[in-house]
């Protein structure tokens, strides 16, 4: 498929060279958030609420301040008043004001000369609380009589008569539901719940901040987006954004959870109060689970109708989600994507964003999509089962394709759902015979991707090698992908390109590595900056040859005379132009700044085989297949890695990961012992098929691939368990006690 | 403040010493007193394996060892895995097989995997998976990690 | 926190007896350090017993039994082939505690002294009929393992008492043991239910069996009725059903983040059947 | 005049209309035109919306051109993990 102006034959794209940061990462040299120290550095610690909901009556810091080695203590009183909207939410979440809103909410922080003294001092800070009634469940939080988390938090969208904890309301759809359901031969209606899951990055939040009384400072931090950090810290502290230079460390996983701030403003505030001494802070795992954002939990009602031959006639869904004590549960995205896989004439989605006494949710890989997919793809599967239809054929019959009007309005451009379904159907995994207590599940999922504000620079060194500067932190090998795209654009070897992640002082604003945007947006920016650079390189050659710049083309790393001058001069390699650039006009570099708008979604289809122990209810994953559209896989091994990682996070969310709150509203499982992410022995190899339906909005056809992979596993596994046990489980996780209860007829 | 204790030990073959509070873990001491930040703290409670090191050749979580317990011991960390510029085959295979994404778990997994291959040069996939069950990786889904370990084992067997 | 490195158990006991604050003994440290890190327990006196001669030794006694020193790590047990051949179930139980890394440090005695009803190392010891040697201010005594746990996090040991090692009886002929636990994942979890079975056969008939359950009561629990349910049988399906019922009937679990009362009660019976089947096969000398 | 499609939750803020015809050559002009015609939409647009022009979502770019026959949809604001 050749697209206008899009390359189809590549030299470097699609190869799998070693990543440039690989050597540092296998030798322990790579520097992450907690790996930097500075002379005179202090260490911070945070005091956190042991209550799910409580008035803060008094904070006595005198004993802590009296401890030898303590240099500063801060409370909310050390932050400016008068913030509004999301800035206020962020400030309130980083440091509680009048009330502690969840178990683990920060109420004070201390900086001392050693980590142990800081911890000891934190224990000496006395906080007087007046516990208030709390609520942690989404349905309970919007029920009559539920404790009000915050009055007046609802926005314009919320209809009258709802509980004050409902803060945003969404309603979208088209067609005539009544007519659509009347056309169906079978209508199934079911309710579903999913628990909150944590991103579970292995590197806890960590930073090293320094700020003087003039509001100028520096911050070393593990983050997905350092410009976001700069903006948020400046807002929370009441300082100017440019006063703060933020340098991203290597990042030990984020998955959305590191697109916001928690301890970063505290480290800067402590530093400012301690006379500008740098303050290092790091969260414990318990703090990460209690106080950083997991995803929202959800409660959903789905109704879908189908004809005997497998056509979806109508679909409706109601989605209630709590994202902690602040607005922001991704129910807006949930309602958009819920039925986005299919061509459905009559559809309606209603969503409620609800406050509860839990930590402020943060983005987690395809935020909002996995919960919706669990519910909608489970109902679709049940329709197929009861109508004796093949789940892939049925999906193919209804699949969105180019020109289909998406359930959220616009028409799709070229998309690859059909191709992923066909590849899944053709894969040997789909034909493996199954034994007793085994079942196969299929599901598809979607993430629409993102462009966002993006800056990149490309500079030519004196020896002709190339430095690419981008602003999206490299989580999964994106430096290699940028280098491949730059190598392709310049026609020079991959090894001649070095990619740096710049700090906030060195480039224009960049949104974080989120929304599956890094390879798409920073990649596009890199290519465009390279083209800008190539134009200048051609001009230098033209000047030397004394011909028009327009008469010079760029091929295989060389300027070449073309048109009337073709063949007049030998090709001039980049190294030659670079060697002379000091005398031909100075440094040569290229730039791109913009908000790339050509992103296009990535669809995936997963096929999973499970075995369920009928006596214990434990589910074992036997085989797992991920098929997903990458548009164009720049570095196929890293694309596979995204597919596999996303799928396994979805497996964890489905089987064992959950936030467990006690009657007291405190988190019961704030550690990796009982917040059970998958371990190596839980899993088989994860088979992958990369489908490539090029995205016309990227020079090389790239689609972001990071997020989609977490969406299909939830329903795919539930559908497989349905086949293995005969039971439709509608509540996640599929913990063994729940599955066993269903098998024994009590679920 | 607790009196600090003097500890003499061996780190990757070099004699080193440090002062520490008895409450400090070996991981704290490696990172804060010896400048060896290759071992990472992912949990502090022995559940993630990111701080894996060897103590007298035995694979341990350095967060579950006190610094004072290292007296007279030999500690092996990721910083000592390569032989000068020459990477250990496991290190090379991890890069080649794309067995790391963010890389935070990588030092611990490499130490653990080397300890496995030192004991069992020909492990099955299942043996690799169970040996590494205490090393959490959130990025890769383990597929490429297991492949890299198996491939490195194969190369090491051929070389010996 | 004071850190002590006594060179004899008598000295260790004396330090503990003289201490006025919170005291902990340090062997593998896989529980003590977690409690320290999570601010659950910061001992005033921490007594590291690993400098005491013999604590790292696994000894085969003259009667064919075994002595496991108090600081022997789980990995050192699994690496002792003759011990594994004698008591595979007991060793499997210890081997299930934590990760490979934890196995490099965690000890059988520590697993017992931590007082967890879910301790994987303990049911196998009780099923095998092990004792521990205790040294305290009053001198040394030998105590059956099942008498040590007193409730979650509690033991019957007095202040100043320390366990010096585990005594495992001789395996003897025609015996077999097994330990199984249920966890949601395949590794790294605390047992939701654990079950050890140790039995002896005469031909195909079980002459004697000890069945021990973990994580279904405030302490690891020896269930004599479950052993009696299969004694005198060839472990036919009726016997297995009786075993499962007896095991389930002995459960007094709690609902918590790891499992429900109903689930634990049911799975205790399932695991008892499965563990008995393995132990029976081992006792008969079947190939594993 | 470009036709701007509103999601149903917005329609009550625009006198129940599903499609609003607005004058404008850029996304920004359309959004301003919408608010002028239907002031009730102002808080929704201020909170943040995504705009799809002829099937392509145009994030954060008020200057993006819109043709008179373009199909424009307002969508809920997007981000990702």
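Here the chain labels run A, B, C and D in written order, and each chain numbers its own residues starting at 1.
As a convention for this text, a residue touches a chain if its C-beta (ideal position, glycine included) is under 8 Å from a C-beta of that chain, and two chains touch if they have at least 3 such contacts.
Small disclaimer: the values here were computed from a predicted structure and weren't measured.
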Farthest-lying chain, centroid of Cα atoms versus that of subunit B: D
Pair of chains with maximal C-beta contact number: A-B
Rounded Å distance between subunit A and subunit C, as computed from the means of their C-alpha atoms: 44
Cα-centroid distance, subunit B relative to subunit C, in whole angstrom: 29
Centroid spacing, where centroids are CA-atom means, of subunit C and subunit D in whole angstrom: 67
Inter-centroid spacing, subunit D versus subunit A (mean Cα positions, whole Å): 26
Contacts with 2+ other chains: residues of subunit D: none
Contacts with 2+ other chains: residues of subunit A: 199, 255, 284, 671-673, 678-679, 681
Two or more partner chains touched - positions in subunit C: 37-38, 186-188
Which chain pairs touch, all of them: A-B, A-C, A-D, B-C
For the subunit A and subunit B complex, residues of the former touching the latter: 16, 18-19, 21-23, 25-32, 34-35, 37, 68-69, 114-117, 199-204, 250-255, 282, 284-285, 475-477, 637-638, 640-641, 644-645, 647-649, 671-673, 677-681, 683, 685-686
Complex contact set, residues of subunit B against subunit A: 1, 21, 23-24, 28, 31-32, 36-45, 47-48, 50, 77-79, 81-82, 87, 91-92, 94-98, 100-107, 110, 125-126, 128-130, 132-147
In the complex with subunit B, residue positions of subunit C that touch it: 1-3, 26, 28-30, 33-34, 36-38, 42, 46, 48, 50, 73, 75, 98-102, 104-105, 186-188
Residues on subunit B engaged by subunit C in the complex (per definition of touch): 2, 5, 21-23, 25, 44-47, 49, 52, 55, 58-61, 63-66, 68-69, 112, 115-116, 130-135
Of subunit A, residues touching subunit C in the complex: 119, 123, 284, 286, 615-618, 655-656, 660, 668-669, 671-674, 676, 678-679, 681-682, 735-737, 740-741, 744, 746
